[in-house]
Amino acid sequence: MNHYTKLLSATAIVAATSASATELEVMHWWTSGGEAAAVKQFADAFNATGNTWVDAAIAGGEAARAVMVSRLTGGDPMGAFQFNHGRQAEELIEAGLLRDITDIAEAEGWLDLVNPSTLLDACTVDGRIYCAPVNIHSWQWLWVSHKAFADAGVAVPGNWAEFVAASDALAAADKIPLAMGQQGWQQSGAFNVMMASLLPSDVFTSVYGDKDTAVAGGADVATVFAAAASAREMAANSTVQNWNDATNLVIQGEAGGQIMGDWAQGEFAVAGSVAGEDYSCLPGLGTNPRLSTGGDAFYFPVLSDDEQAAAQAELAALLLKPATQVSFNLAKGSLPVRGDIDLSAANDCMQKGLALLADGALLPDVNMLVTPDTANQLNTLFVEFFADTSISAEDAQARFVDIIADAD
Amino acid sequence: MSSERPSQLFRNKSAKIAAIPMIVTALFVFVGGTAWTIVYSFTKSGLLPRLRWVGLDQYERLWSTNRWLVSIENLIIYGLCMLVLVFVIGFILAALIDQKIRFENTIRTVILYPYALSFVVTGLVWQWILNPEFGIESIIQAWGWDSFAFDPLYNADIAIFGVLIAGLWQGSGLVMVLMLAGLRGIDQEVWKAARVDGIPAWKTYIFIVIPMMRPVFITTLVLVVTGIVKIYDLIVAQTGGGPGISTEVPAKYVYDMMFQANNLGQGFAASTMMLLTVALVVIPWAILEFGGSKNRG
Amino acid sequence: MVDVTPDALAGPQGPKPRKTFSRRNIFLYGTLIMVALYYALPLYVMIITSMKGMPEIRLGNVFSPPVEITFAPWVKAWSEACTGLTCEGLSTGFWNSVRITIPSVIASIAIASVNGYALANWKFKGADAFFTILIFGAFIPYQVMLYPIVIMLREMGLYGSLSGLVIVHTIFGMPILTLLFRNYFTSLPEELFKAARVDGAGFWGIYFRIMLPMSVPIFTVAVILQVTGIWNDFLFGVVYTRPESYPMTVALNNIVNSTQGVKEYNVNMAATIITGLVPLTIYFVSGKLFVRGIAAGAVKG
């Protein structure tokens, strides 16, 4: 430990000012420009407490997960790390590797503050809280290009049905009706958005929450598979892979629209597009405005060093303070986890999201309900389904039921 | 050259001491690590390795997963094509460069440089070049050949060959250099004799030179085959396994299971199947090649 | 087997060339130029993309030269791109990469060359079995070994340290390097070894006084293979060390692999080329030795 401390203080210029500072290594995968700006808000706030944030950023969840597990099993844990909140960390908690932060949560009043409360549920195992949720990202958005519809000579749709109805006109005008990146997470994500938006919420919760195979194989879900099959036709000419390349098709007006989470907003912002003029964002596909509340959370490994543990506690409390929540989420383009703060600086689409949040038109995120293993199987199913038109909606649904049946 | 090495006579403690790192690595890391992997392939390990036994469940699931079957098929197609083409291309290039050409150093460096660059980005470049809208296809169509179609990455039936183009681009330089080195080791007298006898150049290569290059072929073979079995980065960077699952490979299945699906047990089961196949081929071969007479390969 | 004299290694050995403008030469150079284009095309795309601005890249003309040449992406990749909080681009990890690569290359080559020497000249009972296991080890996808090695390093008390990482690189470099050195040492004239034995030289004496001076070429080959592999390694660097010693590839990965936000393709290309410059320099500097080295090592068996 001392060896590293020396190395660090030799390189860090600011270290001189706080001799008693505790250094806490924080690992995360926020490495793009906007994300780095957001995480800097946390780091600045933490450094202001007299401690030192030692940044360990690793792009890509897969590499980051390998590092986290290695560091924990190698007996050299970091001070804190970012994970998607959901069922990913369950095993680490069961193995006793993560610190119980229930006392901090109670002292800070998180139980009352965190909105929606499902966020905290995702951090809770056996009644104890193990993570600090920091933001909300939602999936249920349809991003529509005004230019594409103007070129095709049809009105900008206000919901999914109108969007589908306009697809022939778009195709006739040499546009790709639906932009979709050819990666499983994007395709299964779009499917889940359709299920959440085109059907009543209880179908979504019984399929993913209760793993009810009768519902998963039932007529309601069959309509979603039919919708996915038509989405497959609409996206047939969308050959891009990355989600942001698909978003770029919408920005350029080459594609009618894209189903993608709220992070797509950043792409429109960078391209100088204006919500309402150049593009529209339709929560819940414009049909059933409801958002799922996934997002990111911080976990704290059990540490033997008392000073470090104290610094962990300070960091945990800090992450949910109103000031850090505002500055972080504005930079990240996500929604804050507490309902009691003013976010008037947010743009149109974010305001729509905030309003839905305030109304409680919410769903749990799929990742909070199913394990990463099941999510991965769903990704593989949909990547096959969207690429291969010989797989019928019925076949896909049969495989879907099998996956749900095996899920735990 | 086939006489007994003095090693039998002058057996020495120092040699054994010096070989300790190798023995430790072989036993503890490769044998130990493989055994560890096999043991955990019979468990329901998720994010963390844990001994919760499930028997053969992981293997049953593995062999009933369409993606795994497709992965194996792809590896066989890719592997056979790669093996044949990389040797043919590498050897022909080496033979051409061996003709006392000018700018040899430049040409050799150009062919070798892909080996130095990380695939994370070169995979993206190949993705662009093979993109029908702004890659090669669009350029040739713009030259007037309207019906020209070349979009391997967007056609599930041939996507694996799109990967092969980039794989050859990256790997053939190293093979070329190894082959060139092999050619340079051939005695000038061999060529003189062949010319005197009036044997055509191509025959000299096939019937005289190549058999003489057996050791270099073996070194290259090991390098190329290990590269094929472990192919992962290229696929991730270039196609992500798509379109659909048409370019999935076994190593990618293993890593996705381990680090994306948090299903270590399944990943270990898949890697055990890979290693079992390798062991069935490599061990008998290695015993024949390295175990028998000492002065070959 | 062939008896290779030193000057036979010096130059091309193929059939003798004829007139400069013969049909054969036109065919030869024509083919080589076509081939060179195939190999150079991606590099061309990378270089021109790295000198374009993002708006120009969005237009999608992959092969067209930049309308307005800019070096900003190169500056950004080297010194400005953010890796989480530190916005110092690739420069942050450069010296760490050097600190990792030098000892790892030295350790892995030292150990593998002694292995190869012992296998070639001092073969003991069971040596072939260990060698076969090593060759088998070359086929193991190394990600599978990630966690077992974490456990081993933890037990040795080396987890998280630079020496732990050096050991890992040594282990994974061992199979191919040992094969290379074994073949080379087997090919050296036996008489030298016998003569040294008669003079009373021991294991290490022969290694340092006879073998090493004769093996400069094969060591060059090994250096090139290892520098390329270790310099480009990302996973081991990030799993087995701590943030203050992360190699340059961590910054490269963070620049090119960010999942959210705008992908700056020009910076990605510049960063990749910059990262590749170190192995490329090694190739260039050792160009002739590389070819000669392999000739001497792998050919004669």
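In order of appearance the chains are A, B and C, and numbering begins at 1 in each one.
As a working rule, contacts are C-beta pairs under 8 Å (C-beta built on N, C-alpha and C of every residue); 3 or more make two chains touch, one makes a residue touch a chain.
In this text, all values refer to a predicted model and were calculated from it rather than measured experimentally.
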Top contact pair of chains, counted by C-beta pairs?
B-C
If you take the mean of the Cα atoms for each chain, which one ends up farthest from subunit C?
A
Roughly how many whole angstrom separate the Cα centroids of subunit A and subunit B?
37
Subunit A and subunit C have mean C-alpha positions lying a whole-number Å distance apart equal to 38
What whole-number Å value describes the gap between the mean CA coordinates of subunit B and subunit C?
15
Residues of subunit C that touch at least two other chains are 143, 147, 253, 256-257
Residues touching two or more other chains, restricted to subunit B: which are they?
49, 131, 133, 255, 258-259
List, in ascending order, every residue of subunit A touching at least 2 other chains.
61, 63, 66, 69, 73
Could you please specify the touching residues of subunit C with respect to subunit A in the complex?
58, 82-87, 143, 146-147, 150-151, 153-154, 159-160, 234-235, 238-240, 242-244, 246, 250, 253-263
Subunit B residues within the subunit C interface of the complex:
1, 3, 5-8, 10-12, 14-16, 18-19, 21-23, 25-34, 36-37, 49, 93, 95-101, 104-105, 107-118, 120-122, 124-126, 128-129, 131, 133-135, 139, 169, 173, 177-178, 180-188, 190-191, 195, 201, 212-216, 219-220, 222-223, 225-226, 229-230, 232, 251, 254-255, 258-259, 264, 267-268, 271, 274-275, 278-279, 282-283, 286-287, 290-291, 294-297
Subunit C to subunit B touching residues, read off their complex
1-4, 8-9, 11-17, 28-29, 31-32, 35-36, 38-43, 45-46, 49, 60-63, 111, 114-115, 117-124, 127-128, 130-145, 147-149, 152, 170-171, 174, 176, 178-180, 183, 186-187, 190, 193-194, 197, 202-204, 228, 232, 249, 252-253, 256-257, 265, 268-269, 271-273, 275-276, 279-280, 283-284, 287-288, 290-296, 298-301
Seen from subunit A, its contact residues with subunit C in the complex are 4, 7-8, 11, 25, 28-36, 39-40, 43, 53-61, 63, 66-67, 69-71, 73-76, 242, 244, 248, 252, 263, 266-267, 270
Residues of subunit B touching subunit A in their complex?
46-50, 66-67, 127, 131-133, 154, 156, 239-246, 255-263, 266
